[in-house]
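Okay, handing you the structure first.
A, B, C, D and E are the chain letters, set down in written order, and residue numbers restart from 1 in every chain.
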Amino acid sequence: MAVTLLLLVPLLTAVALLALPASVDGGRDGLTGAGRGVGLAALVATAVTALLAVVVVAGSMSVDLPWIRALGVRWHFAVDGLSAALVLLTALLTVAVVVHALAGRTPPGGSRATYLGCIVLVETGALATFLARDALLFFVAFEIVLVPMWVLVRRFGDEHVPDERRADAAGRFVLFTAFGSTLMLVGVLVLVNAAGTSDLDALAARAGALESGTQLTAAALLLAGLAVKVPVWPLHTWLPSAHTIAPTAGSVLLAAVLLKMGTYGIVRLPVASAPDGVATLSPALALLGVAGILWGGLACLVERDLKRLVAYSSVAHMGFVVLAVASGSETGLQAALFGNIAHGIVSALLFLVVGDLKERWGSADLGTARAALRDKAPRLGLALVVGLAAALGLPGLVTFWGEWLALYAAWSPAPDRPVGLLRSCVVAGAVGLALAAAYSLRVARIVWAGEGGDAAEGDAAEPVPDSRGWQWGVLVTLLVATVGLGVAPHLLLGISAQDVTTLLGVGR
Amino acid sequence: MTGGLVIDVGALWPALFPLLGVVAVLVADLVSPRLRETPFVIAAVAAGFGAWTCLPGVLQTSGEVRTSFCLPSGWTVPAASGSGEAVGAAAAAGNCLWQADSLSSALQLAANLSALVVLLLAWPGRRARATDPGTTALSTPSPTSEPVQAVLLLAALSGTVVVAAARDIATWLVALELATLPVIALVALSGGRRAVAGAVQLLVTSLVSFALLALGAALWFAATGSPFLSGAAALGAQGAGVATGGVANAALLSLSVVLVVAGLGFKLSLVPFHAWTPTAYSGSSLPVAAFLATVSKIGALAGLLVFLRAVAALGTPGLVVVAVVAALSMTLGNVMALRQDDVVLLLAWSTVAQAGWVVLPLVSVSALGTSASATYLLTYVVATLVAFAVVALRAREVGVAARRLDAYEGLWRRTAWRAGALGLALTSLAGLPPGIVGLVGKVVALRPVVAEGWTWLTVVAAANAVLGVAVYLRWLRPVVTSVDTPDAGRSAPTVAVASRWGGPGRRGPLVAALVLTVAVLFVVSVQPDLLFGLLG
Amino acid sequence: MSGYLAVAAVLAAGVLLFVAAMGARRLLAPRAPSAAKASTYESGVDPVGEGWAQTKVRYFVFSFLYVIFAVDAIYLFPWALVLRSPEIGRSSLVEMFVFIAVIVLGLAHAARRGLLRWV
Amino acid sequence: MHLHYPAALAALLAGIGLYGVLARRNAVLVLIGVELVLNAANLLLVTVGSQPGSPLATGPVLTLFVITVAAAEVCIALAIVLVMFRRFGHVDLTAVPDLGDDHGDDDDRDDHDDARDGAGAVTPAAPASPTAATGARP
Amino acid sequence: MTPALDLPFDISVSWPFDWSLGWPDWLSWPDAVVLPTWLEVVLRAVAVLLAFLVLPLLVGQTEHKVMAHMQGRLGPMYAGGFHGWAQLVADGVKFVQKEDITPARADRWVFRLAPAVALVPYLVALAAIPLSPSVVGAPVDAGVVLVLAVIGVGVIGTLMAGWASANKYSLLGAMRAAAQLVSYELPLVLAVASVALAAGTLSLVGIAEAWSPWWLLWQLPGAVVFLVAALAELQRPPFDMPLADSEIVFGAVTEYTGLRFAFFLLAEYAGIVVFSLLFAVLYLGGWAGPLESWLGWLWTLLKGFVVAVVVIWLRVSWPRLREDQLQRLAWVWLVPIALFQLALTAVGVVMTS
C-alpha cells in the first residue's frame, strides 16, 4: 500500500494545487496567508513522499493489481536495486527543489500553486516511471512528466527572453520527447507482441527466447526512443534550450530526474529484454556516446551562457553513461547507474547555483565582466567550484566513480562486444575528460575568480546577495552528498550490485 | 406466425427509442408548432432510453449476440452457386438482419450518449431570440425550428444505431444514409451563407459516397449472391471459385471492398475524401459540428466495421488501401490543424487526423483490429465532445470570438475546472497524460499495426503522434498562459453576435453536457478497463 | 411471346406515327418564316425579362413531397402480393399500418407547418 | 439473356456517372451523375437478382431500397441546391466558398446574412426574399 | 379466381340464364393457327395504333356534341354530313396543313420532341389495358405498374414543352402542370395500390377477374379519388390551371402551332380514353356482364365510354379551381382518403382471407 501512497500523495497534491482558483493561491510572491499555506502544503506533501520513498525502498515494497485487463496491463509498481537509488534521488531532490522554490520568488507567468503543482506532478511521473514494472505502464508513466514540464518551461520560463523563444524551447522539449516515447512505444509493442506479456520481469526472463531479428528491431526502436530522453548525441538539441529557458526548479528536475528516466529506461527495457539486439547495436551506441562526450565538451568550451554550458556538460556526462551501457558488462551497468545518480546530484547542484546566479545577475552571459564570485558571494562560489570540480571528475567527488568506472568497463567490455572499438572510445572519452577539465577551469576562472576580462564596472561590479537560509541549506545538502558519495561509493554500488548481476544473468 | 420472421423487439430498443422520439416530436409539433424546449426534452429522453437499452447488449459476454429479424432457415439465401457447407455455417446466426454483439452495442451506446450531449449543447432558450428580425411583436410567430432540429438529430441517431447492428446490405445501406441525410439538413439549417457552403460540400460528399456505397453493395451482391454481410457469404464467393468464375467473384469482391472503403472514407473524412470536413464544421453551428464530429463518425465506423468483419473471413492479409489512407489522413490532418487559429477548424482537421488513427488498426482485418478501432473512436468521441462543450460555454460568453484560439487566453486563471476539462480533453486527443485514455488508445491502435509488422506505418504514426501533440498544445498554450488583465479575452467586439452565434441557449444544459462528458473522460482515464470492457 | 415485346412494338409504332405525321406535315404545310412569327408570343406584347422571375419555391415543395410519398407508395405494391400470405400477412398488415401512419404523420406535419397553404 | 450485357451497361452507366460527378461543376449535373451511378447499381442488383434461386427477391427489393434512398437524397439535394442558388446566385460547385482554412479570405463572414436566415431556416418553403430573387446573379 | 370479398352470406349476382355458352365455333379464334412471333407483334401494334387513332376521336366528337347539347346548342353539324360526324377528321386535315413554327428563342430539339413525349406514353398505356382477358394489346404481368409508370412519363412532355418555349407563360404553365401532375399522381397511385391489394395481383386482367359487385361499395372512396386524380392528370377542367387560357394564354403549349399542337390535343383525348378504360377495368369490373366471354370487350368499351361521358360532364359543370385550392385538394383530401382506402382494403383482405 505504501507504494500506491507514494504515488497518490504527490498526484493528489498536484491536482489540488493545480485546481486552486487564482483568487486563493496568493499570487506569485506567496506572501499572503493563503500563499504560505500553499507552499507549506507542497512542502509537507513532498516531505511525506520522501519519507514514503525511504520506507518503500527500505522495505522493497511492491503493489500488483489488475488495471487494464484487455491489454494485460497491471498496476504493478515495485522497487529493486536498479531503481531504489533513483526513487530516493527523485523524492529527496524534489524536497530540495520545493524548499529552494519556496525560499525564492516564484518566476513570473503564473501562480505559486500552479508552479508547485507542476513540480510535484513531475515528481509523480518520475516516481511512477522508476517504480513501474510493466512495460506499458512504464510508457504511460514516462509520458506523465511531459505536460507539467511543458507548463514549467512555457509559462514559468526565463522572463528575459521573448515569448517565442519560450514557446520554441517548451515545444521542442515536448515534441522531441513525445517522438522519442512514441518510438519507444512501438518498440515496447514489438516486444510485448513477441513475448506475449508486458510484465518487465517476464519480458526479461523471456528475452533469450526472442528471435534475433525481433530483438534487433525492438532494441533499435527502444534505444532510439529513449536516446531522445537521455539525450544521446545527435538527438540532444532540445536539451540546451529547454534548460536555459526553464526556471531553476525546472532545470534541476530536467537534469537530475528526467534525463535519468532515459538511461534507466535503457537499462530496464532494451538491455534487459532485448540483450542481443543491444549487443548488435552497441558499437553505434558507444560511438554516439563518445560523440556526445566530445561534442558536449567542445560546446562547453565556447558557450557563453552559463546555463547552456551546464546543459552541454550534461550531454557530455550522459555520453559516459551511454558508453558504460554499451560496454555490456556488469561493471558497465553499475557505472551507468552510478553515473546517473552522480550526475543527478551534481547537475542539481550546478543548476541551483547557476539558476540563482542568473536570477541575481539577470542573465548568465559569461561574456559580461562581473565581480569575482569568491569575493562577493563566497557560499555560492564554493558550491560552484565544488560542482565544477565534480563535473571534471575529480577523484573524491561523486562523478569520479561514474566516469572512471565507465571508462574501465568500456576498456574491458563484455565478451560479445567489439573490444577494439570500445577501447578507441575510451581513449576519446579520456580526451573528453580533459575537455571537461578545460571548461570547468574556464568557468571557475571567469566566474569564481573574476578574471573574465576587463575589470567589472557599474552594476556588474555590485556584489550579489549570497545564498542564505533554506537555499543555502539545500546547497549544503547537495555538497555533502557530492563529497560523501565520492568518498564512499560502495553505499550506492552495493544497492544495485545484486540486481545488475541478476539482470545480466537472466538476459543470457 | 410460425415460419415467419422472428422479431425480438427487445434487441431493437436502442434504435426504436430514437425513432419513437421522432414520432413523439412530430406529434407534439402537430399539437403546437411553436414549441421550443419540449422537442428537446422528448429527444433527450428518447436518446437517454436508447442508451439505457443498449446496456444489456453491452454487458453480454463476448461471443453472445442479440438478434432480431431472423429469417427461418428455409428462407436462407444460398450463396452464389454452391459451397453448401458455407451456407450451413451461415444458417446458425447468419440469417438475422439485426445482430448486436457487444461491440455493436457499445457503438450504439456511444451514439446515443453522444447525441444526448449534442442535444444538451443545442438546448434552446425559453424566449424567442431577440435578434430575429422576422418576428415583430404584432406578426404571428412562425413555427419554431427546434422540432425540426430534434427530429433530424434523432433520425440521424437512429440511422447510426441501426447501422451498427445491420448485417445485410439493404439495412446497412439505408441506415447509413439515414445517418447522413438529416445531418446535411441540420448543417444547412444551422446558419446562413457559411452554413449553406458547408451543407453543399457535405451534400456533394454524401451523394458521391452513397453512389459508391450502392455500387459497392451491388458488387457485393453480385459477387456473393447473398444480401447478408457475413463471413459465410464472402467465403461463398470465394468457394465458388473452384467451380465457375470464382476468380471473377474474388475480383468483384475486392472491387466492392475498395468502393465501400472509399464511400465510407468520405463519411469518416479520410484523406483524400476529407475536403468537406472543415467547411462543414466551420459553416454549421457548434452542436451540429459536434454531431458531425461524433455521432456521424460512429455511424461511419460502425458501417465500415460491419463490412470489414464480413470480409475478414477471407483472411485478407491486410489492406494496403487502409494503410495508405490512414497515413495520409493523419499527416495531412495534423499539418493542416497546425495552421489553424480557429478552434472549430482545428477540431475539424483534428477529426481528419484522428480518423486516420481510427482506421489505422484496421490494416489488420481481425477482431483485434476492429475492437482497437472502436476503442480509439470512442476515446476520440468523448474527448471531442468535451472540447465542444467547453467551446460552447465560451461561445455563450464571448460569441463568435470563442472560435479564436486567443479566446482561451488565461482560461486557467478564470475557470480552472473548465480549463482542466479542456486540458484533459486536449491531452487525451494528443495522447499525453493526464489524458491517459488517449495514451492507451494510441497503444491499442498501434498494437495490431505492430503485430502485423507494418514498419513504415508505425513510423508515420509515431511522427504523427508528435505532430498531434504539437496541434493540441497550440490550443493548450493560451489556456495555461496567464493574462494579467482578466478581461483581455473578452474584449472582442462581438457581443451582439453572441446571442445569435452562440445561440440563446441556457447555461445549465451546457454545463450538464460538460460535466457528463468530463466525468466519462475522467473515469475512463483512471480506469481504461471500463472502456475496453464495453467492447468485449 | 413476351408482352413486353408487344410493348416495345407499340412504342415503335408510336414513334413511327410521330415521324409519319411530321413527314406528312412537311409535305402539306406551307413554310413562310418571318422574324415576327418566330418571336415569343406574349399576347401581342414584346417579351420582357425571363421566365424564372415568376418561379415560386412552392412548386419545389410539392415536388419534394411527391418524391417522398411516391417512393413510399412503391412499397405498397409488393405488399399487395404478400398480404394474403398466411405467414406474414397479418404482421405485414401491422407493419404497413405503422408505415402509413408515419406517412400520414409526415403529411400532417407538413400541413401544420403551412407547407400546403399557398397564400 | 446473357448477364454480360446488363453488366456491361451497368459499367458504362457507372463510368458516365462518375465522369459527370468528377467533371461537372453544376450542382444539378453532378446530381444527375450520381443518379447514373445509382442506376448502374440498380441495374446490377436487378440483373444478379434475376438469377434463379433467390427466394427473397433480394435484387428487386434492394433496388427498391436504393431508389428510395436516392429519392430522399434528391429531395435534400434539390433543397440545398435551391438554397445555394438563393444564397450565392449560382449552382457552381467550384465557386462555393471554401471555409476549410482560416488563413484564406474572411469575406464570407456575413453576419447580416446569418441574421436573416434565422427566420428563413424555420420555414424552408418561404418564398424567395426580394434580395434573393433580384440580386441573386452576381 | 375466387372473389376477394368472401362474405358469410352468399349474394353473388347471377344472371338470369347462362350466357356463357361461348362463341359460336365459327367465330372463335382457331387454336391451331399460331402466327409467327414477328407477325403477331406487328399485328398487335397496328391494332393498338388503330384503336389509339379511333377512340380519342370518338371521345372528342362525343365531347363536342354532349357539351353542345348540355349548353343548349347543336355543336358541329356540317362536316361529313350527319350531325357533323367528320368534324375532328376535318380538324386533323386542317392541322396538317398549318405552318409549323419553332420560336427563335426556343430550345429547338426539346421543343420539337415534346409533343411526341406527351403523346406516346398514352399509346403504350392503351396497349397494356385489356378489354377482355384475350383482347389486349400487350399482355404483361404487372400491367398496373406499367400503365402507371408510362402515364407518369407524360408530364415530362409538358415540362419539355414549357421549358423549351422560352416563354414566361409557357414556363409558368409547365411549372403548374408539373406540380399538379406530381401532386395528383400520388393519390392515383395509392388508389390503384388499394385495388391491387384487394385483388392480390398487379395484373390488370387479374384485378378485373377478382372484381365483384361489392367492390363498388368497398372501393368507392378509392374510385372517387381515382376519378378526381385522373381528371387532374388530364389537366381537364376543373383542373386546367396549367392551360388556363384566360390567365396564361395556353400554358405550356402557347408557342405550338399546327400538327404539334394537334398532338397535344390528341394526347389529352387519348388520356381520357386511357383513364376511362382503366377506371372501367379497375373499378367497374371491366368485361363483367352478360355474355361476358363473348362480348366482354364491348362491355369494357361501354363502361369506359360512360366514364368518358362523366369526364366531359364534369368539364361542363365545374368552374376552374385556383392553383392553391387544387394543391390543397390533393394533399389535404385525396391523399388521406386514398390512405384510408388502403387501410380499409387491407383490413378487409386480412379479415376475409
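To be clear about the criterion, contacts are C-beta pairs under 8 Å (C-beta built on N, C-alpha and C of every residue); 3 or more make two chains touch, one makes a residue touch a chain.
This is a predicted model, so every value here is computed, not measured.
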- Message: Give me the set of chains touching subunit D intersected with the set touching subunit E.
- Response: C
- Hey, how far apart are subunit A and subunit B in touch steps, shortest way? 1
- Item | Central subunit by CA centre of mass proxy | B
- Selected pair, greater C-beta contact count between B-D and C-D: B-D
- Please name the chain that ends up farthest from subunit D once chain centres are defined by their CA atoms averaged. A
- Note on the structure: The chain whose C-alpha centroid lies farthest from that of subunit B is chain E
- Task: Go ahead and note the Å separation of the Cα centroids belonging to subunit B and subunit D.
- Result: 22
- Task: Report, in whole Å, the distance between the mean C-alpha point of subunit A and the mean C-alpha point of subunit E.
- Result: 93
- Message: Centroid of subunit B to centroid of subunit C, CA atoms only: how many Å?
- Response: 38
- Between subunit C and subunit E, the Cα-mean centres are separated in Å by 15
- For subunit B, residues that touch 2 or more chains besides their own: 143
- Query: Where does subunit A touch two or more other chains at once, residue-wise?
  - Reply: none
- Message: Quick check: what residues of subunit D touch more than one other chain, meaning two or more?
- Response: 61, 68, 72, 79, 123-124
- Note on the structure: Those chain pairs meeting the touch criterion are A-B, B-C, B-D, C-D, C-E
- Message: For a test of understanding, state which residues of subunit C touch subunit D in their complex under the given definition.
- Response: 53, 56-58, 60-61, 63-64, 67-68, 70-72, 74-75, 78, 113-115
- Message: Looking at the complex, which residues from subunit A come into contact with subunit B?
- Response: 18-22, 66-71, 109-111, 114, 125, 136, 139-140, 143-144, 146-147, 150-151, 154-155, 167, 171, 174-175, 178-179, 182-183, 185-186, 189-190, 192-193, 217
- Message: Show me the residue ranges of subunit C that touch subunit B in the complex, using the header's touch definition.
- Response: 87-88, 90-91, 102, 105-106, 108-109, 112-114
- Query: Considering the complex alone, what residue numbers of subunit B touch subunit D?
  - Reply: 71, 75, 77-78, 129, 131-135, 142-145, 148, 169-170, 173-174, 177, 181, 184-185, 188-201, 203-204, 206-208, 210-212, 214-215, 217-219, 221-222, 225, 227, 275, 277-279, 282-283, 336, 339-342, 345, 348, 400, 497, 500-501
- In the complex, subunit B touches subunit A at residues 412-414, 416-417, 420, 423, 427, 431-434, 436, 439-440, 442-444, 446-447, 450-451, 455, 458-459, 461-463, 465-466, 469-470, 473, 476-477, 480-482, 527-529, 532-533, 535
